[in-house]
Amino acid sequence: MIFGPLPTKFFLTSGVGEASTELNAFDAALLNAKIGNTNLIKLSSILPPGCIEVEPYELPKGSMVPLAYGEMTHSEPGIQISASVAVGIPMDASAAGLIMECSRIGDAAVCERTTREMVREGMEDIRGLRIREIKSISATLIVKRVGAVFAAVVLCP
Amino acid sequence: MIFGPLPTKFFLTSGVGEASTELNAFDAALLNAKIGNTNLIKLSSILPPGCIEVEPYELPKGSMVPLAYGEMTHSEPGIQISASVAVGIPMDASAAGLIMECSRIGDAAVCERTTREMVREGMEDIRGLRIREIKSISATLIVKRVGAVFAAVVLCP
Amino acid sequence: MIFGPLPTKFFLTSGVGEASTELNAFDAALLNAKIGNTNLIKLSSILPPGCIEVEPYELPKGSMVPLAYGEMTHSEPGIQISASVAVGIPMDASAAGLIMECSRIGDAAVCERTTREMVREGMEDIRGLRIREIKSISATLIVKRVGAVFAAVVLCP
């Protein structure tokens, strides 16, 4: 095994935030998604084989949390921003799943549909895997001041 | 605990570098900050509860070092660039602290003030925490060839 | 030692991919490079002292893999894109090596030469180290649909 335990669980979460700066808005969105007091480590987006979904739970403050996410920040009031993430679970429990993310100006429906189609292409067309299920989550916000949206698949030990 | 020991110590460091390319200048700035022979893993910027400040020390060569940082590189001679990072330590020792970074063309004073205000907003306004202290550090450089500035909060086990 | 075992081995790998979106093309390039079913953690590019080169091997699916890489995606048919990575191994076995990456529109030769020169500058001029050997690898692609190129130095425990 490479550098630490293979994750065995995952959960989906999302959030939105408003603040004075983009970094503060992003931080507020992380808090809204219940992972604002952890240290995120962005991954390139594979669900380890056999990883099972759990309810989101509070991770220890300051812990290092591997995850895949989509996010967007914007400072123009009135603009709608959206972020989505989707994860494909393969039929074959020994295969890895795939996580894809998207963010855009506009509503969440297009964004979430895009991530689901990206997962489908990556698993069926590119890997030749059959998909058991695709799960997805989005966040959307009409910016008031400086806004952020965030959607993630969090991997847990 | 998630993926490795929770950091228990931290230190602030900063550096500047000049070279032929932006990546070499960044590398030179890391060396100047005394962490140029380690593998940086960029985090989303939480100080674990009870983490104490230590003097910067030499980390093992090649080790993977979690940190939060601001940086900027520029290739136009005569331009001044600055990077800052600030970390807020809460009154409540069981709460997490917050790290914010900033980089900009111009002097370091504005940059450092901005990071401190971002920490204040994130801790007081967004988390409702009382702050015991905000620590900050900056790097600034008037570019000669290709330059880089770097300011970090490094987390240690 | 900081946050996990110091890597003791490394290998070079590269790949190209085509798909409908940039993220899918990048994923396809990772698969082509034989690391598409792992979770990449991008590092700031130091080869730990004494790390030895091994043949590329299949890493456990879903595992977290530290590496340094160059990559590029492009959606304009007919455009040639290239990515390269180079790693310098020092004469002194107690010194760290340096990894540099590059990506560009155009052929791989310029890109790979650039990474090798960046390694030379970082080791000889900036660190004052003598180099035993520089190893490098590239990927190049003339885009058909949406294409990606990827070249990496993967660190292993």
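A few comments on the model shown:
Per-chain residue numbering starts at 1, and chain names A, B and C are given in the order in which the chains are listed.
Keep in mind that, in the parts below, a contact is a pair of C-beta atoms (placed from the backbone, for glycine too) under 8 Å apart; a residue touches a chain by one contact, two chains touch by 3 or more.
As the structure is a computational prediction, the values presented were derived from the model and not from experiment.
Under half of the residue numbers found at the chain A and chain C interface occur in both copies, marking it as a different-residue contact.
Taking CA atoms, the transformation carrying chain A onto chain B includes a rotation by 120°, reported to the nearest 5.
Taking the mean of the C-alpha atoms as each chain's centre, chain A and chain C sit 26 Å apart. Touching two or more other chains at once are residues 3-4, 41, 64, 66 of chain A.
Touching chain A in their complex are the following residues of chain B: 1-4, 6-7, 41, 43-49, 51, 64, 66, 95-96, 98, 100-101, 114, 118, 121-122, 125-127, 155.
On the side of chain B, the complex with chain C involves touching residues 3-5, 19-21, 23-24, 27-28, 30-31, 36-41, 59-66, 156-157.
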